[in-house]
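Here it is, the structure in full.
Going in written order, the chains are labelled A, B, C and D, and every chain counts its residues from 1.
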Amino acid sequence: MFKEIIQPRFAETDALGHINNATLPVWFEQSRRPIFKIFVPSLQPNDWNLILAKVEVEYTAELFYGEQVTVMTAVKSIGNSSIQVYQEAWQGGRKAAKGIATMVHFDHQKKTSVSIPNDIRQTLHTHHVENCDFTNQM
Amino acid sequence: MFKEIIQPRFAETDALGHINNATLPVWFEQSRRPIFKIFVPSLQPNDWNLILAKVEVEYTAELFYGEQVTVMTAVKSIGNSSIQVYQEAWQGGRKAAKGIATMVHFDHQKKTSVSIPNDIRQTLHTHHVENCDFTNQM
Amino acid sequence: MFKEIIQPRFAETDALGHINNATLPVWFEQSRRPIFKIFVPSLQPNDWNLILAKVEVEYTAELFYGEQVTVMTAVKSIGNSSIQVYQEAWQGGRKAAKGIATMVHFDHQKKTSVSIPNDIRQTLHTHHVENCDFTNQM
Amino acid sequence: MFKEIIQPRFAETDALGHINNATLPVWFEQSRRPIFKIFVPSLQPNDWNLILAKVEVEYTAELFYGEQVTVMTAVKSIGNSSIQVYQEAWQGGRKAAKGIATMVHFDHQKKTSVSIPNDIRQTLHTHHVENCDFTNQM
């Protein structure tokens, strides 16, 4: 399980007075960086071998400017060429959002999905969680 | 069905050379404005009576800077206090993303969901689509 | 003089109820696209031969969601390797912001500024304005 | 002098492979939070008594994803109702940008600028720097 501390930016609020909902995918992407590093150790765009197939975000409480947010990230499932990443965003003791991102191991030259190699698969397994709910870890 | 023309902004690209995936929720939110107006004719934050419960976005093709994007928006389903909005983003004849946003009619004072009034419900029905696929309309 | 119509996005508002000030550089960059095309006809990142040296933005009125913004763009001055671009953002008959962007014609391989070629210079001249104030054109 | 650590977000890169220039005003605004707190201890939008009159940003080196950025912030000058804030952004030992933000103490009800009260003025003085260059502090 990975933990990322996010400082909400004032520009990420919206006229409703809270953090704009479209900010969550930005924070979740940011917090998947340790997963990206497993696939792309250099984090260089030219080496990138992942595409994002799907994101889902459920909003369960408002998020505000002025207090840090903790994003927890874990591997939910590992398929042949794709994985699902589970994430939660917490602020002030409240779970404000949770999400699942489906990413595909991809060869950008051949424009095709590629099986996840065994070494990457093994590393991913060490970050796998059976029960997707981090409430007890907070 | 609502159609919104989006001009991708250069700042919305990312280091992978295409539109960053987290931009889609911004465009989809932007394109739900006609739905917002049904609930909140003034579009004033103080009158806002909606909360976003969930978004799902599936990415099916890359989006690029330099060419306009068409976002199609329709009502997918209407519940007692919530609705699902279906959206697609097209660029250059390709469907690049589709998504579903679940929104709840909400009383921000009482902090509780509220049944959708009949007049709003009827207007929503006129934007309801049975079959969520706009390929033939493009 | 170039005119760009901008539809403010809800995500571009902030908790003060108006468009966040940091959105203006995004809109101004977006509205410099015709200038970019003079230098980089393909608009392809690999062909990019400009760097941004400086931006200045003065804020003269609030900008709001729900009404389109017109950005006017012209060439203010042309130096040996750099140009200054002047821009104004108008909404509902009010000038809300003005700005100057200084851009340098640049060789990214050699990492050095490069004189602006004559053909580009001549095209830039056709978009030069003597008096930087578009109030009478609005 | 205030120091803020910024983690660049992947969504803040652009197709040129580096951090988009329009991100700097977002980071600088974020890093002015200690200044905001001097004027608005609650940081609540309803209590906000500042408007941004002008920003200037000079770009001196590229900024990249994957390495943290340090933003240094100090008070450059204090007028009757306005102040100038000086800021620098550093990454990996290089000064990548510097900027000046001019903010006005403002009564949003009366829509007029207001003299800066003495207690705020004194606090601002403790964060004033004579020489705007933080190179020796990095």
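Here, contacts are C-beta pairs under 8 Å (C-beta built on N, C-alpha and C of every residue); 3 or more make two chains touch, one makes a residue touch a chain.
Just so it is clear, the model here is predicted, and its values are computed rather than measured.
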Between C-D and B-D, the pair with more C-beta contacts: C-D
Chain whose mean Cα position lies farthest from chain D: B
Whole-Å separation of chain centres (CA-atom averages), chain B against chain C: 29
Distance between chain centroids, defined by C-alpha means - chain B, chain D (Å): 34
Centroid spacing, where centroids are CA-atom means, of chain C and chain D in whole angstrom: 22
Residues of chain D engaged with two or more neighbouring chains: 10-11, 15, 17, 22, 26, 29, 45, 65
Residues of chain A defined as touching chain D within the complex: 6-7, 9-11, 17, 26-27, 29-30, 33, 43, 45, 65-66
Touching residues on chain C, where the partner in the complex is chain D: 15-17, 20-22, 25-26, 29, 45, 48, 51-59
Complex contact set, residues of chain C against chain A: 10-11, 13-15, 17-18, 20, 22-23, 65
